[in-house]
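Each of the two complexes below includes chain A, the first together with chain B, the second together with chain C.
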Partner chain A sequence: MAFLEYLSSPSVQRTILVQSLEHIRIVGYAMLFAIIIGLFLGIAAHRFPPFRGPILSVTSTFLTIPSLALFALMIPIVGIGDRGPIVALTLYALLAIVRNTVSGLFSVDNAVVESAAGMGMSKTMRLWRIELPNAWPVMLAGIRVSTLLTVGIAAIAALVGGSGLGQLIFSGIRRIGSPGALNALLGGTLAIVVLAMLFDLLYLAIGRLTIPRGIRD
Partner chain B sequence: MTDQTNDAKQYDKETAIGGDAQVGETMIELRELTKRYPGEETPAVDRVSMEIPKGEIVVFVGPSGCGKTTTLKMINRIIEPTSGSIIIDGEDVTNIDPNHLRRRIGYVIQQIGLFPHITIEGNVGTVPRLLGWDKDRTNARIDELLDIVGLDPSVYRSRYPKELSGGQRQRVGVARALAADPPVLLMDEPFGAIDPITRTRLQNEFLRLQEELQKTIAFVTHDIDEAIKMGDRIAILKEQSHIAQFATPEEILTNPADEFVEDFVGTGATLKRLKLTRVRDIEVVDDALIGRLDEPREDLQKRLNESEWTAMLLLDKDNKPARWLRAPDFRHDRPAAELGLPARAMVEKQATLSDALEEMLVGSAGVAIVVDGRGAFEGILDVDSIITSIQTMRDADAEFYRAAKLIDPADEVA
Partner chain C sequence: MSTTLTPPEADVGARDRAIAEDKAADSRAKRAKLVHYYGMPLFLLVVTIALLLYIQGSELDSIETRALATDVQLDRLQQHLLLTGVSTFFVLLLAIPLGIAATRPRVRRYAPIVIGLGNAGQAIPSLGALALLFFLFRTIDWLPSTGTIPVVVSLIAYSFLPILRNTMVGLDQVDANVLEAGRGMGMSNRLVLRRLELPLAVPVILAGVRTALVLNVGTAALAFLFGGGGLGETIQAGFQLNRRPVLIFGAVSVAILALLVDYLAGLVEEFMTPRGL
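Moving on to the complex of A and B:
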């Protein structure tokens, strides 16, 4: 098995480890920004009906731009390196977060919000103490989908001078046909799949820790 | 603190006037309260004015869509009035900060609206925490309230709403509304979505609780029976929350203000009275025509023909009613035990008139047979005596009202 041999080489392991950490860094930043912006946009879309349509259609338009094109478009704006990919991935991640925040907030029983108001909670208190906690399971599902999406797309960062596992994959693609090319391609892809699975486990744990028993199904 | 001094002052005032505690002061006053929903031609609630006395349950009842909920929700300004004012305990609260207002008003809605993501303890402790009570006081209060509504704190404190039955949830809803001991409670069909048996139990428990608490309560229902049961006073509302009658249940039953009230109270009122009266309270016919199963046919037939009765009741040797006989039954050539119809619709003396009436409808003779505990015959109750009893139960007001009805101009025209 040539591939197993390839994987057992310490230098390859080092490369995969380093590039995985870079990959996680890119995805991590993108998700951080996407969650902050997405939460804000989601709450705004829920609360102010005139903004709802525009917010949802703009965020879904992002997802229709071919990823290679979007990454390349970032170069003139933020230059070469990881910054462009982080911005692009943030845009991709927005839709699922915004949409799930909106539908999560809509799924909160009106009677629950009304009784909170009836007890004298202000609008802000209602949002943070009642609406968001109850919308959280749906929101978390959106964040999870977005993360898995960005873990995959982040490989393209390598094409615009960024880091991450894309480097290994594209080094394989460039040398395709020559010995070892397939191994690099497979190694990078496998590492991305493993990363995605690890993120999934992470979200499972976060869900366990943050969703109260009362609204878990 | 100010509350206590207020109470003391009010107490002084009452005793000064002559200590008549029955003369309640007004706790909630609605003045020309109006709600016009955006884009609607007519207001949903049109200039309703009402005074709710301290310590009483006032029930808003009326047909669907007449504006009960809208009126109620304007009191804690969940729905902001278009015009008019709300005065609570002498203070005009129409324009004060609604969140502060609401912390002094308990609020219970049909869907309950418990917070699903926090425990019962957290739900009940919500308002005390908003008011900044310390932990110990809040905790003690939560235990006390769960006890009051009949839920063992050690069992239920740490449960989540979804881990309770519907009736238990409604109890928690009431406990949560009472948490900070608000003087005023607003309840919108609080027992509406519960099965009838649990509903009756919760109603009774709540009335017992209210005897101690003496809260001022505005209570919405569309069920006139519930209104009569729960209300110290009832406001019967027509469309746009126009008050058709605002009076005690007795007054509404005996002296409905107009046709609308009469229609709305309808059969509910009569049935209510029938449920309050027992068979032993009214006169039963005890000289009915009685025969014995073992008497010769000819004797039975002769007695029936000679009497003014259209039917004869046959008793067995234990004096238990057995058969009803009518004259045509004697055409059949059968022993007495197989003639006529079996005697049914038997009630004991402690049965309510409502039970008796139901038995009559089921039985075949249009009358109920009154029996003692062992099933032996005591007398006969017919529809007429029930109607007579309803009439005598009504007081002079009702007599007057009926007399007025008899010369209703509409009747004269017809």
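Moving on to the complex of A and C:
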């Protein structure tokens, strides 16, 4: 098959490897920022009911803005390159993390929190030792959904001068109508699907390692 | 004696406080409703005015003036709306009846397969999926290989699976007890579908309309890659010519359009949902 031949070429393998690493870097940074900000916003939305509505509606508004538009909007702010896509992907990733942090914290049994208070734990200690560990499985599910979303959207970065596997797809799009287009399209798309599956496995492992046995299902 | 009775002043105070709290909650709810209905349009209006002022205020060179000419932009807006509208119409026409058919008792056991496919499809990047679909449809003999038609067909195919999945998941959520009660009353399967299942699924279908619109308005921004035009073309021109006003105009207008479509579809969803639901 022509596609397998294409994949066996060392230069193609190199391209896919390099662009995969770029892709992972973009997604990794975006998720790192999104987890930190999302955790903070999620806790704030849970603690202070007046902020809950605004935080959730603003983060879901980000998700309504088409990716090409948001990526392009970042260029005048942070310049051309990977920084714009990283910021844009961070904004896209927020909603699922914030929503799951809030619902995770709400799902924690009140009696457990109260008995922790009865044992003399301060509010901060309760949050870190009781509430967050109990909410963690739900929060992790949100982080996973966000990651799968950003792995896919990160392909758009190539359209506005960013790196990652979108470059391979974009090169295929520019060659549509001439030979080799399909190989580049398939190569880039499948590599992203594989990346998404690898991230999924990573989260499965993280879940195994970090979810306390008592609340695992 | 008077000491054993509750002092009347305290009572009045408590009642006043309760009334005041009631009023405060009322005005909070009213304010929330105002923000809900007028917040987004007001925000979009402000952004639109700011965008126009920015373009008016910047000194455009000849390239920018040409790229931002009103008739060019209106043309692209029209293309964008056409791409979004036509693809949404057809995807709903195909996906909703199929979603209903696929959840009938006789074929229901295959439903998880379709839903699973829909879930797996979400892992495929939109850029790659759209490009592969376009590539595929170009090779079909009886479809023109250039112009708007293959792009629209790609958009339809791209949003088909998510909408089908949403419809099926939504129909699945209709309370089984209600349907059982209908059958118990002697309704036939067809009657259960028409009298119970479809009315109960109206919110699902409306949510599908909204999802399809928002999805398609976003993917239509990528139509320029395949010669389908639309407002994505302005973003692309701004990027390639390295002209900031053009880039900003393109990006902000796509964002405004998407938010507006989402807002309007949300209103329709709200007003058309049967009251009891």
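Brief remarks on what is shown
Just so we're on the same page, the second predicted complex is superposed on the first by the 217 of 217 C-alpha atoms of A that agree within 3 Å, B and C clash if a C-alpha of one lies under 4 Å from a C-alpha of the other, contacts with A are read in each partner's own complex, and residues count from 1 in each chain.
In this section, contacts are C-beta pairs under 8 Å (C-beta built on N, C-alpha and C of every residue); 3 or more make two chains touch, one makes a residue touch a chain.
In this text the structure is predicted, and so the values were computed from the model without any measurement.
Considered on the superposed chain A, chain B and chain C are sterically compatible, since they fit side by side. Contact with chain B, but none with chain C, is seen for A:130 once the two complexes are overlaid on the shared chain.
Using the contact criterion defined above for the overlaid structures, shared-chain residue A:182 touches chain C, although it does not reach chain B. Touch criterion met: A:109 reaches chain B, while chain C stays clear of it. After superposing the two complexes on chain A, the angle subtended at the C-alpha centre of chain A by the centres of chain B and chain C comes to 90 degrees, rounded to the nearest 10.
When the two complexes are overlaid on their common chain A, residue A:209 makes contact with neither chain B nor chain C. When the two complexes are overlaid on their common chain A, residue A:119 makes contact with chain B while staying clear of chain C.
Among chain B and chain C, the chain that touches a larger number of residues in chain A is C. Judged by the touch definition given at the top, the superposed model places A:4 against neither chain B nor chain C.
Following the chain A superposition, chain B and chain C show a smallest Cα-Cα distance of 5 angstrom. Taken together, the two complexes place no residue of chain A in contact with both chain B and chain C. Across the complex, chain C meets chain A through its residues 32, 122-129, 131-132, 134-135, 138, 214, 217-219, 221-222, 225-226, 232, 235-236, 238-239, 244, 247-248, 250-252, 254-255, 258-259, 262.
Put simply, chain A touches chain B in their complex at residues 109, 111-122, 130, 133-134, 212-215. Listing the residues of chain B that touch chain A in their complex gives 76, 78, 98-103, 105, 107, 109, 111-119, 126-127, 130, 160-163, 173, 176, 186. Considering their complex, residues 53, 61, 64-70, 72-73, 75-76, 148, 151-156, 158-161, 166, 169-170, 172-173, 176-177, 181-182, 185-186, 188-189, 192-193, 196-197 of chain A touch chain C.
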